[in-house]
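Two complexes come next, and they have one chain in common, chain A, joined by chain B in the first and chain C in the second.
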Partner chain A sequence: MRLLYNFLKDMRLSSKSFYFYLEIGFTVIIIAVLLFVVPENFETNLSIYLHLDVDDGLYTEIMETLGDNSTDEITIVDTRESLEESMAENRSSVGLSIYRENNQTVYNFVLQGYEEEKFKNIIKTTVETAFANEMFGDTDNITITTLNQGVEKLSDRTNMIPIILTMNVSFMGLFIIASYIFLDKEEGTIKALAVTPNRMWEYLLGKMGVLLVSGIISGFLLMVVMVGTKANYLHFSILLISTSLFGSALGLFVSSFFDTMTKAMGWLFMIIIIFALAATSYFTPSFSPMIIKFLPSYPIMFAFREVLLNNPDIIYIYTTAIGFGIATVFLFVAANYRFKKTLTI
Partner chain B sequence: MITVKNLYHSYTKDDRYAVKDVTFEIEKGEVFGFLGPSGAGKSTTQGILTGLLQLQQGDVNVVGYDMRKPSRDMFNKIGVSFEQSNVYNKLSALENLDFYKKLFDVPTIDSMFLLKIAGLEHVANKKTSEFSKGMKHRLTFVRSMLNNPEAWFLDEPTTGLDPAIANQIKDIIKEKNQEGTTVFLSTHNMYVADELCHRVAFIIDGEIKLIDSPRNLKLQYGEKLVAVEYKLGDELKKESFSLIDEKDRSRLNDIINQGNIELMHTKEATLEEIFIKVTGRGLQYNETSV
Partner chain C sequence: MLKRILSVMTRDLKSGLRDFMVVYILIAPFMLAFILRALIPSVSSTTVNIAVLDTMDHEMVSYLENYSYIETFSDRDQLINRIGQTDDIYGLIKSDDGYEIINQGNETGEGIELIRYIVNARENESTELPVIVKVSDIGWQLSPLKQYGANFLIVFGSVFGSMIILLSIVEEKMSNTLSAINVAPIAKFEFVIGKGLLGFIIPVIGTIGTLIILGFTQVNYGMTILTVLCISLISVVIGFSIGVVSTEPIGAVAGMKMIFLPIMASVFGGIFLADKWQFLLYWSPFYWAFKSIDSIILQTANWSSILMNSALIIILTSFVFFLLKNRIKHGLN
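Coming up: the complex of A and B.
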């Protein structure tokens, strides 16, 4: 029962403090940014201005080639001057001027000037290939082979959610729980508790409970708004609880080595920064050095990603949840042991 | 009730001891004063007795529990009031007491009753962040009574309080003691110690210099003097006479016989004067005596 009283007291205190709303506030801001600033997908539809100075036969052939597919991206302009003017107005565009010279068809790509050489080559090759395929009937020479055909692709916006869940929900507790502990220490209330039959683990677990509540509120808020029903909330809840408790237990363990928030802050900040490195491998799976795979944030990000898929890897999700659950127990026992010796000094 | 034998404690875990070879016993129902200036080792000793500091060297037994491995159950039997008030500022006075009340496994005193004792019943539902220092101190004090402790540890219980409230606090301590509560009182206020304690220990530089009752100390170290103010003609004269010295006693008799005495009182040595005499050091006592 004392655990419950500790938890209820901490909930009451937290609900009147800034820290409790920090995580939820961040989540609301992130949701707003995702909804109103971040596009569903980052692929930009490159605008193409096309100027045709060719005979009627070729003109008709080109127009037939374009068909109805790309009318939004391709704009036909009348003159070369108007092509350049249009490009000057729209800096995310390229131009293509097709004209006849010395009885030959000339394809003149007009670029903005900021494009890298690689980009120029891709544009040139892509357009050449497209026209070659369509105009000269050699489509049979080109085949496309796709590896891992079962891989599901999330939209770029949705793909960011696992990182936010990992860093803002699972690991935000690292900072906040340390703040709670050091605030109690600073106000001396921890000493008053220490001279009651209250046990250290009851005190620490009460704090973790508060962090779990704010983690669940933030996590569900993010998921419900961003993906609605397109996620398995049972898998999500278990993973969220496990990783949120892990973050808090890690925060407790690290804090147990320090006597003030100021001293602990540097280390906690460094841990968060290091954990954030896993995002590089998350976005660029080809870059996954072993050292990044060892970061706790790495499997958490990928496990949250699985939760968002139509066919999630349930074994991966639950292995991650159980693994972090076990790690939480070890960290909590260690933090409890250390705090029993140091917290009231 | 409380036994301390050869207690040593070093914060730096070397031979720089904050407390050195401290030994004393406190009987059930006794009010034991631990007197000394700031930094003398009072808080360290109380910290060890209340489990806030780990016992490093020596034997300490509090209400039947060995402080080498103190059981949490021990805290059902003790109460601790801190010099610095430490209440939850975002909770009301009543919420503060109600929370701590639930942590004990023994019958507890009603929170409102305690607030009444502390003169805080009118602000029971007010957040303690809005309390004055004295109000917080009183709340901290009555919080330590919640579980009806057998052994009650009080650290500077009247510090920073106005004389009227300090008197109330002293009355509560006397009352609880009469009910059988053993009191360990850490203070540098010799007037409070003199008024409340059955025995006092003088501690300085981590070592106990002396343990005795205030009465015995006064008898042993105080001079038996009588201060007299009398009229000699139109002139008001002030003199002190020793009750031991034959010449002084004879002179005092003469003045009494003349019948011109306006004021006369015995001059006992104060505990503070005895402390200075015994330890060679003052108490840096600079609050209004209460």
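Coming up: the complex of A and C.
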């Protein structure tokens, strides 16, 4: 009962504050940017500089092949030197120089230089094999087994939603809860706690509840506008509640090591930036070093992505939700223990 | 005048050092640069990851290691379990009459085709081709992660200074010391400049540290500092405008989050958007800073383009300032 009273009181106060509406306003801006600025799908054309020093017959043949197959931006250059100069001006580009040497046609793929040896080997071998298949036919004995047939691929725009949900909704509390606690401390409200029947955990849980409500409003606003009825809102709600409470509990735990908001700020800010690194592996799943997989933001992003799919991996969603639920309990107990010793002093 | 401005700045610095806030905010970009530096060696340019069984012959595994990262498993179930995880990894198992490639179905890129070609190449090693395939490079060692990571840290770091301004103004408002400037022998503009100075100095220190940690010692520091000063200007203006209307830190911190959106959009848009979509970011001063820093890191920058981008940043910042001028003035009263 006291917990409910605490929560309702905090909600009443929060609903009058500028912050509460700022969060919702921020979500509205994100939605507007997603709808009106971000294209449905990005075009990721590769820039290729092509230099041809071959006879007319081969030249025509190559140009016809490129014209039929390529969706990349191909620029023909006159000399090998201008190919390298063009590549130096555009560091995201690659080059291809085709010329004759000792009565053989040489296909020279020119890269920038930062690429790994493995990548260079892949290019050489795949092109050689493609030529061999073209000339002698494809005779491999390879079978393909796809574990999940008909897996849905999200549009680039929808694919960004899990990042926003993770960083702006689940970890909203991480950033904000310290402000709530230290504001009460600086205003002396916290001392009143000592002479009321309220216990520390009830006070802390009340604050987490406010941020949870704020997160639920922002999260649902984003989801309803961006994906409508496509998502499973039961899975979404459970995941959102679990991860939002985790974000707040982590914020409480980190804040408990500091005695002012400003001291905690720098670390909380840095934690948020480090957590954001998981977005690199989210967008490039072949690059997933262990250091990134250990970040809590990594499974949360992928779990939110599952929620958006027609056939979500329910086990993954609920394992993530339960895992973060358990972590929340541990962090909350630890934060409660620390704050009991430090907050009212 | 200069003395009064410096005394305001020194006071903020002392107060910030006392509660370690300045120290934390100063070391934050350095720590992030160290983390980025630690991460760079583990980054692979687009290759494939392959899971194999430990029964696969060692020669084949060594051959595959020339092209991909290999993980070994003792049975098929374990291997399938691994493929089912969130990152992209393909299974390759030797079958009675060839090979079986196992994928999850949601992978990005052309991994299956690549593995098929790689396996075929080994099986057809003896085939004589009438063409020669060579792979060479133009000697550019800088990886995109390092290039864009440093840029992101520098542009994002411009916010660190304004956070100090923001928090110190909110603290002054909470302790009612801000209204004291009305009766203090200091002009308002001197107070504003004094408060704002740290917002320029901290990002410059952070930027130089980031560049050194990441090994960009050959860049033009004059161009870098000019760009960072320009981009700090917009952060300082926003820091002031949020600080003077916030009566408590919650609103201030939440307001500061608003600045993250244009920074993220500018940097990631600048990296990932095709050239024809880049005009969507022309409104953002952070985008022009991103372009400047990118050319500085790539050492293709010249003074005319840096001055042009800096002028654009200042024009856009002036526009923001005129929109927020009355709000700042009113807040300081």
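We adopt the following convention: the second predicted complex is superposed on the first by the 237 of 345 C-alpha atoms of A that agree within 3 Å, B and C clash if a C-alpha of one lies under 4 Å from a C-alpha of the other, contacts with A are read in each partner's own complex, and residues count from 1 in each chain.
The rule we apply is simple: a residue touches a chain if its C-beta (ideal position, glycine included) is under 8 Å from a C-beta of that chain, and two chains touch if they have at least 3 such contacts.
None of these values were measured; they are calculated from a predicted model.
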item: Touched partner set for A:294, first chain B, second chain C, both or neither; value: neither
item: Which superposed partner A:330 touches (first chain B, second chain C, both, neither); value: neither
item: More chain A residues in contact [chain B versus chain C]; value: C
item: Which superposed partner A:198 touches (first chain B, second chain C, both, neither); value: first
item: Which superposed partner A:26 touches (first chain B, second chain C, both, neither); value: second
item: Overlap of the chain B and chain C footprints on chain A, listed as residue numbers; value: 17
item: Contacting residues of chain A [partner chain B, same complex]; value: 1-2, 5, 9, 12-13, 16-17, 187-189, 191-199, 341, 344-345
item: Residues of chain B defined as touching chain A within the complex; value: 50-54, 72-73, 75-76, 78-80, 82, 84-91, 95, 99-100, 102-105, 140, 143
item: Touching residues on chain A, where the partner in the complex is chain C; value: 17-19, 22-23, 26, 29-30, 33, 37, 39, 42-45, 84, 87-89, 91-92, 95, 101, 104-133, 135-136, 138, 140-151, 153, 168, 175-176, 179-180, 182-183, 186, 260-263, 265-267, 269-270, 273-274, 277, 280-281, 284-289, 291-293, 298-299, 302, 316
item: Chain C residues touching chain A - in the complex, by the definition given at the top; value: 16, 19-21, 24-25, 27-28, 31-32, 35, 38-39, 42-49, 66-69, 80, 83-84, 86-88, 91, 95, 97-109, 111-114, 116-121, 123-124, 127, 129-145, 147, 156, 163, 167, 171, 174, 246, 248-255, 257-258, 261, 265, 272-274, 277, 280, 298, 300
